[in-house]
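Since the structure comes first, as structure tokens, the remarks are kept for the end.
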Amino acid sequence: MHKLAEKLFPLNRSITGDGVRKTLSLLGENIKDLVIFEVPSGTKVFDWVVPKEWSILSGYILTPGGKKICDFNQNNLHVIGYSAPVNDSISLEDLDKHLYSLSDQPNAIPYVTSYYAERWGFCITHKERALLEEGVYKVKVDSCLFDGNLTYGELIIKGQTDKEVLISTYVCHPSMANDQLSGPVVVTYLAKWLQLLQSRKYTYRIIFVPETIGSITYLSKNISQMKKNIIAGFNVSCVGDDRSYSYLPSRNGKTLSDQVSKHILKWTDPDYVSYEWSDRGSDERQFCAPGIDLPIASIMRTKYGKYPEYHTSLDDLQNVVTPSGLEGGYEVLRLTIEAIENNCYPQIKVLGEPQLGKRGLYPTISTKNSASETFLLTELITWSDGNHSLLDIAEKCNVPIWELYPLIKKLQAQKLLVLEDYVV
Amino acid sequence: MHKLAEKLFPLNRSITGDGVRKTLSLLGENIKDLVIFEVPSGTKVFDWVVPKEWSILSGYILTPGGKKICDFNQNNLHVIGYSAPVNDSISLEDLDKHLYSLSDQPNAIPYVTSYYAERWGFCITHKERALLEEGVYKVKVDSCLFDGNLTYGELIIKGQTDKEVLISTYVCHPSMANDQLSGPVVVTYLAKWLQLLQSRKYTYRIIFVPETIGSITYLSKNISQMKKNIIAGFNVSCVGDDRSYSYLPSRNGKTLSDQVSKHILKWTDPDYVSYEWSDRGSDERQFCAPGIDLPIASIMRTKYGKYPEYHTSLDDLQNVVTPSGLEGGYEVLRLTIEAIENNCYPQIKVLGEPQLGKRGLYPTISTKNSASETFLLTELITWSDGNHSLLDIAEKCNVPIWELYPLIKKLQAQKLLVLEDYVV
Amino acid sequence: MHKLAEKLFPLNRSITGDGVRKTLSLLGENIKDLVIFEVPSGTKVFDWVVPKEWSILSGYILTPGGKKICDFNQNNLHVIGYSAPVNDSISLEDLDKHLYSLSDQPNAIPYVTSYYAERWGFCITHKERALLEEGVYKVKVDSCLFDGNLTYGELIIKGQTDKEVLISTYVCHPSMANDQLSGPVVVTYLAKWLQLLQSRKYTYRIIFVPETIGSITYLSKNISQMKKNIIAGFNVSCVGDDRSYSYLPSRNGKTLSDQVSKHILKWTDPDYVSYEWSDRGSDERQFCAPGIDLPIASIMRTKYGKYPEYHTSLDDLQNVVTPSGLEGGYEVLRLTIEAIENNCYPQIKVLGEPQLGKRGLYPTISTKNSASETFLLTELITWSDGNHSLLDIAEKCNVPIWELYPLIKKLQAQKLLVLEDYVV
């Protein structure tokens, strides 16, 4: 995953344009059946309109001394996203109004975008900005806005039922690691794992979209089918560092996605950070908006906005995102999906306790300690009343749900259980 | 308000009689359309009967030394409420059985009534009682009980709907300030404010009744219409001192009145005192009785029974009830009514987030901090799903509801909201 | 009760056989109308089969020195329950595989059974076991397993309605006191008390069954009537020592039985131990199994498994079970049944507060303190809205329910109340 992220890092992604296309193309080399969609500028999508496409060839500043700084081709964060073209010579005073830097992070180039008003600007480290001298500066951005398309990728992996799990991630940020590349690379590897499974109970709808306008566009085209079929889902963002695990609820807060997320995180990292809906900031804002109301939660490593390198050039693949960080993000999401696949409403088929002894599941000699040996099995049986999901039972027994999978198999082998699927 | 209270102070109010009539007449000079009702003695009202009317001209004791003490015309608390007439000469020992004083408040004349058994008696400061010498005392109460009427006042202020807010206060206590006059004067000024509003969503039913028997009488005549229309209401009592704010719930505890009261008090005085239904003591006992079950809560300053001057001559307009105390009581009730008027179920009209930027409601440049600037607006939007009242939303956002009024106006101006009225 | 327990102590009870029959016969001498049922070996009962009957005449070991030890006729715990017959001479090494003792309780003979696999064995104190010398031992168990019956007792005490309260206890353990005899003797005396009552609202179904297989057998024969009629019930076990009171919930946890148990225990012993459903271990496992779901809770003194003498010869009538321990167990169950009999949904018949004064239930003179005198009565009235059970009201008033019985009578005498029966 880390190597794939390295390949994707230099591309100049934005909410539209060739950076997104190249990113999706590279991801498509790793997962089969990824379909790319293009939606024309000007298309009405709910309360929004698909914007013009943004293209940029170069951008830089020439200092009075002739030095080229803020060179887009060195680091695509140097030019603000959706910057209008400019080609001018101006004083330092005038230039200053178009510069963005962070006084408390003097070595960081900030990530700034201008949606959807025309302006030009450069992002620069505060350290470099402080050294700028009086004089005439040449500013050049060779960009254009034109009627083009918004691009996104979609992968449908069929399951035994039409009921769906949504996995969404975004592909619109330029060269940043945790708050950009961690999402698409982890989702790519989750897709590979899902495609390799012998069978899946649910159908998986996996989408790679530009944030906000992309999810709105996708929803506006697919909302009726999504509302009908989606039983759970996750917005995958910031899943690549090693510092923590986090959970952000759906607006509803009590969906299957929320229940499973909290359960899996509790047993993965008891110290995981639990955010509120008011801490939201990514595409869950659209998926859970009033009237949309999809059951989408977020499982993250360190959340956007909560680590110092966020939205700067310091969010990189060296110090922030690591192979083990990505692995942890992947694994917790894999366990979560596995729990959704295994969740069901077990119902015991006999009245009274089943006679476990004759089935070799209970000791035939009764001493002071015999009950404890089969404790978890009898707990599973007593709650298998058709009203408790396997997840509920795991919570009641205070064990990770995966400890119940082999016991369910044992009871099924004895034809003692009926499993009812989870129904929304 | 304090000046009006001063005018009303000397009148000899009781559950019936001219003291109530004069009080209502003085209030009627301040609010137009107050209608006075008379209900004859003997009328059956639920489990009760309207009592005989009590009239008293004078009452006093002549000491053996010829000194006139306990003179009703000096202080109407000196004769117990509903005292039977007496005209006799008796020993100190016999007199003593008819005297009421408070050993722990030696300078206070207590307030004592005799409902509904015939007896006579005098209330006296413990200090004066201690000085009484042996000898023959002349006792005189020139009172009579006769078939008359119970008197109450009613003011209906029409709103856009038939749904009503009830405001009830009592007018049956003699010369006491917090536990008597604070209620009627604050309600009088609330009525004036309501009458001056350009429009009101709800109709206001404002009543001035004798406590207990008056509210029972009023309910027995109006119960069916009240049960049909009243969506919220308040019993207004003890709203005139400066020492605290208090809340006493309805019997149900979860009505709109309860929700609004707790919200407004929390943001007016975080240290407000929250009582239980078991602490009740005024007309909420009738309004919330089983089978009546109106949504009536109480917002008070310092509650009856909880301040040392309660039910004594020390409950006065000098040391207990103050202009600022009354102003605080008025203001918290005004804010409460305003919250009920503004409460609604807002519903956003677009799917997904609305594009605030194109409406000038969101910054077009995205930096690290842009989200926080419009945080409250987006919180309001995300909860405007038609299932949360504005009050619920204020609680979720942890802001006073009045901070949301201008935001609601902004979104309405953009035609982004539908407002559903509160429905019981 | 303690004397009856002494009589029952020596009998060799098991899940089948004459020990159970003799026990039921002795109990039948104390309560009239106890009916004995016999269910043939081989009868299919839910997932189980009624086992062969076990009969044992003698059992012992002869040491190399000719000493008779582990003599069944001295203490029936010496031979493991359902031991197969044996008649052999073996080495100490071979004997050792058939001996059961407790190293941490060297003076205790453990209680061990072998359900449902054929094996033979002896239970011995660890102290005696340690003294056994090398040599040839003669082992003799004169027992047999044959097609017989499983025996249980049932007593139906008719009430005014068909709705039933179940009281179940077990009769299958040999000579032990708290975890055997305390249950049947306390239930016997509860039955005597119930039979002597002038009338009962509910019908009482009282059963004496072998644990597990007995309750399963009983349920399989009576389940449809039990599910239709039973509104509450208790499994009575370990109610004879003085050390504590305990509660174990039904699987549901919120049945009437649970509510009443917790209420009565709180007011009997505020330090009572509250167990979880996962701590279950007796016939509540069958009564509350999925699909059975009867409202059965357990009230105990010190719970099975939670005292050191449990399932050993030390669980006796001298040091563990005492007359006062049994009396406490009886009394808390009697109060519980009384609460179920008295529970109802009271509804006040007048609108507004009733006028208590004219009925002599309220002081006619109103002073600062008059309200407190009748506080509990007015609390009862205010919650008598038909939606709160008497038990709910006692909880709201924070008083034991029995303090409300006389007040209910007072209000009934005044025709102020309608009492609705508890309905499941």
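Letters are used for the chains, namely A, B and C, taken in the order the chains are written, and counting of residues starts over at 1 for each.
One rule holds for everything that comes next: a residue touches a chain if its C-beta (ideal position, glycine included) is under 8 Å from a C-beta of that chain, and two chains touch if they have at least 3 such contacts.
Note that the structure is a prediction, hence the values are computed from the model and not measured.
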Checklist outcome for this item: Given over half shared residue numbers means same and under half means different, the chain A/chain B interface is different
Item to check | Superposing rotation of chain B relative to chain C, computed on C-alpha atoms, to nearest 5° | outcome: 120
Checklist outcome for this item: chain A to chain B, mean C-alpha position gap in Å, rounds to 55
Next on the checklist: By the touch rule stated above, which residues of chain C touch at least two different other chains?
Outcome noted: none
Item to check | chain A residues within the chain C interface of the complex | outcome: 347-348, 350-355, 357-358, 364-368, 371, 375, 379, 381-386, 397
Checklist outcome for this item: Given the complex, residues on chain B that touch chain C span 46-48, 100, 102, 110, 112-117, 119, 212, 215-216, 219-220, 223, 251, 277-278, 281, 285-286, 289-293, 305, 310-311
